[in-house]
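Note that the chains are named A, B and C in the order they appear, and that numbering of residues resets to 1 at the start of each chain.
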Amino acid sequence: MNDRIIIEIDRVTRKFGSFTALDEVSVQIREGEFFSLLGPSGCGKTTLLRQLAGFDDPTSGTIRIGGQAMVGVPANRRPTNMVFQNYAIFPHLTVEQNVAYGLRRLHLDRQERERRVKEALAQVDMAHLGARRSNEISGGQRQRVALARALIMRPKVLLLDEPLSALDKKLREQMQVELRHLQRAVGITFILVTHDQEEALTMSDRIAVMFGGRIAQCDRPENIYQQPRSRAVAEFIGGMNFLDAAILGESEDVIEVDVAGFGRAEVRKPAGAYFNGSGLTIGARPERMTLVYDEEAGHNRVVAGTVVEASYYGDMTYYSIAIESLDRPVVVSMRNTIGRRNLQAGEKVQVGWSPESLVPLG
Amino acid sequence: MAAVTDSYLVAAGGRLRLRLARSEAARGLALVSPTFVYALLLLLAPILVIVAFSFWTQDYLDIDRTATLANYREAWTDPLYRVLMFRSLGVSAVVTLITVLLAYPMAYYLSFHVGQRKALWLFLITIPFWTSYLLRVFAWKIILGYNGAINVSLMELGIIAQPMEFLLYNVNSVVITLAHAWAPFAILPIFVSLEKIDRSLLEAATDLGDGPVRRFLRITLPLSLPGVVAAALIVFIPTVGDYVTPRLVGGKDGLMIANMIQVQFGKANDWPLGAALAVSTMVIVTAASLMFVVLAKQLTARFR
Amino acid sequence: MAKIRPLGIYAFLYLAFLYVPVLFLPIFSFNDSAIVAFPLKGITTQWYANLWSDDAMQGALWNSLKVAVASSLVATVLGICGARALTRYRFPGKAGIAALIMLPLVLPEIIIAISLLVVLLQLGFSLSLFSVTLGHILMSVPFSIAVLSSSFEGFDRSLEEASLDLGEGPAATFFRVTLPIVAPGILSSLLITFTISLDEFIVAFFLSGTEPTLPIYIWSQLRFTAKLPNVLALGSLLLLASFLLLSVAEVMRRRAVRRAGAGTSGGFL
């Protein structure tokens, strides 16, 4: 990934009658980036993707790909290719014919065409299934065919519309890794639309979280996860505890708060973001706190609590802890490392935390 | 989900694209227009012309276009036309009843007791309907006639001594023939509505204690009623206007209104009267159908 | 295996009831007697042989074929437009337009026949095979739309989008993707509308001029008892032809549904 901007989306708005699907969306995507559009259904992510593909046009705003204005350019003339959500494999053609479909216009000689098809199929590990038809291969295999068919065209940008949503969990996880590798190997810009936050976190260089036709936050995965800018984003990605806090003081990059149930702390905040008013919501990730029990060394700050419920997930256990003066329990997760005992409901524990555990959410 | 726009043509237009009404509506209308205009010109307009004709009078070859209700008066008061009209309605009603009653168990069997081969059964059931109607009616002539299959076999078996005369050339033969001809058309809508019934509803009913008969009466039958109503209408409306069957197997006593309409457009050469008869028939049939649908709705409301 | 249900017996009896009357026609067409009544006298193919020399019948057959071919072609084209518009687009008045186009399915045929008769004559047209064709097109279009609608409905839109995305223009997309997938449905529509026209009597009866179609010819022969067995032979052949045509149409229809539907939705098999 270099620093050249390959896609510029500038104040794109799309209205359907009185319904606004996209509201002044602006974002710049770099060449070679794995960029995800993440959000719940109806947030506009697929609409935006289709604007890039050329299946729809914005009501207002501009789109540039590779420096060229795209509004008005039909889909079949854009330097993009798309992997559709249901793969759209042509049922009347074999796998090979599907992959070779877009090559017809290039008028390659047969040898060259066959070579390219072989290469594309090998790239997605489908070399041996070339003669099959779509109803003779599995869902995961169809997805690979869709990928090969798009990649063989060597587009500047590959658009993927929820490509993994139809696969079962294990296959999905496997494909996430493979897609990432593929993108690195091929080096082109991938734009992925998904509603699955794990998917976005795993694969992306950057994520744009969308709600109601707008981009709520656009940043690297770790930043989005650890410094969500709003409650909506925080809620959408990962588990999050929401705590009320009173604002005691504020400066350029630090805000002093009194968190209900926990106490005072100086919490870091994004430079320039000011939270005016008397109170705000503080977010605390379950894994950024810890439970102190069984004679462990004391922690920086602790709060007393009682275990309400324990949810076992194999590698982690999520504990619901009731803290005095808070009306809702706080969730703390603990890795099930060697020697660590699982707590039972009713046991008394100490919740260890630090100002780094907290994120201001507005 | 997302609004469906026809991206097909949007996406590949070219220069014209921005100017072309990108609205799906305009393109849809344009696409349907040849078919629609054809129906407008050759179905709607002619029917309107027929309605117009019913208010005019004809004197040999001259058409007098002053509006008059004379034709309707004649159509509704002349005893012959009345008899024919009532007979047509009665025959259709009986045919509808028989066809639907006989079709329901068949559709039920098909939906619930046939596994893989539903399409094959449906095909076999509907094929006879696609073959020449004339010939099928004629086949019944062979069966019901004086020396026809029924009489001959019953005589051979010694059940009757003389051939039965009442089988052919009267209303009975018309009813039987029509019931046979329209049978497959009644099965389809009932079958479709039975197929739509979520099987887990039936399982729930059984789980809650219903035996098969109660379950049928309380769940299956009410849920399939729309299909039954559709089947009834599909059979009733066209059979009222049937021409071929009364003509071939009806004799003198089995003629129906369509035969009279044809006469007015043929030998009797009184188009306005024919038109009035036709329009009257359609009006009565529509009214009867509406009443039936309303009645059916009220019956189903009582079921719950 | 399956236990014999009373309902199953009913079903078979019902099927028999549907078919047996029709089977009488072929039976009597081989009967060695000019009188169409029991008892059966012996087997002969004489009635079939007579058909070869029956010029009037052959003329009528030829007329019917001309009408059927023309009507099936036009009805299918109109059906393609109509089916695609009704399944793919939304536009104002859609319900009303659809109702009008499909109306011939439920109208008594005689109404269609007389209205067309009146209008055509008033407009100064003379009755001929052309007027019959017009009537047949009107009646066949709803069937064509019904067959093609299931073809189009099962057709995944994103297939066309994918073709565009891969660089093809709309025309190329139509010929490389849409047409091959819908082709069996089109063929099925052609066969069904052809058969409808071939067998149709009442509208032809009203709208034909001096040239009869085959059903009209048969109708005229039904009066002359001497020629009855010939008619039965002809009728049996027609039955067979219709049966074959429709079987092929059905196979095509199933293939169309399978082609458009199978394999386009990714995911759990």
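Here is the rule we go by: contacts are C-beta pairs under 8 Å (C-beta built on N, C-alpha and C of every residue); 3 or more make two chains touch, one makes a residue touch a chain.
Remember, it's a predicted structure, so these values are computed and weren't measured experimentally.
Colleague: Report the chain whose CA-based centre is farthest from the CA-based centre of chain B.
Modeller: Measuring from the centre of chain B, the most distant chain centre belongs to A.
Colleague: Does B-C or A-C have the larger number of C-beta pairs in contact?
Modeller: Higher contact count goes to B-C.
Colleague: Using mean CA coordinates as chain centres, what's the gap between chain A and chain C in Å?
Modeller: Comparing mean C-alpha positions, chain C is 55 Å from chain A.
Colleague: Could you put a whole-Å number on the gap between the CA centroids of chain B and chain C?
Modeller: The mean C-alpha positions of chain B and chain C differ by 17 Å.
Colleague: Send over the residues of chain B in touch with two or more other chains.
Modeller: 7, 11-12
Colleague: If I count partner chains per residue in chain C, which residues reach a count of at least 2?
Modeller: 161, 164, 169
Colleague: At least two other chains touched by the same residue of chain A: list those residues.
Modeller: 54-55, 74-76
Colleague: Could you pull out which chain C residues touch chain B in their complex?
Modeller: 5, 7-8, 10-11, 14-15, 17-19, 21-22, 24-25, 28, 35-39, 77-79, 81-82, 84-86, 88-92, 94, 97, 100-101, 103-104, 106-112, 114-119, 122, 134-135, 137-138, 141, 145, 157, 160-161, 164, 169-170, 173, 192, 195-196, 199, 201-202, 206, 215, 218-219, 222, 235, 238-239, 242-243, 246-247, 250, 254
Colleague: In their complex, what parts of chain C are in touch with chain A?
Modeller: 156, 158-159, 161-169, 176-177, 180-181, 259-269
Colleague: Sort out for me which residues of chain A touch chain C in the complex.
Modeller: So the residues of chain A in touch with chain C come to 53-55, 74-77, 80-82, 84-92, 101-102, 104-105, 133-136, 138-139, 142-143, 146, 149-150, 153, 166-168.
Colleague: Which bits of chain B are touching chain C when the two form their complex?
Modeller: Touching chain C from chain B are residues 4, 6-9, 11-12, 24-29, 31-36, 38-40, 42-47, 49-50, 53, 102, 105-106, 108-110, 113, 119, 123-125, 127-128, 130-136, 138-140, 142-143, 145-149, 151-153, 180, 183-184, 233-234, 237-244, 248, 258, 261-262, 265, 271, 274-275, 278, 281-282, 285.
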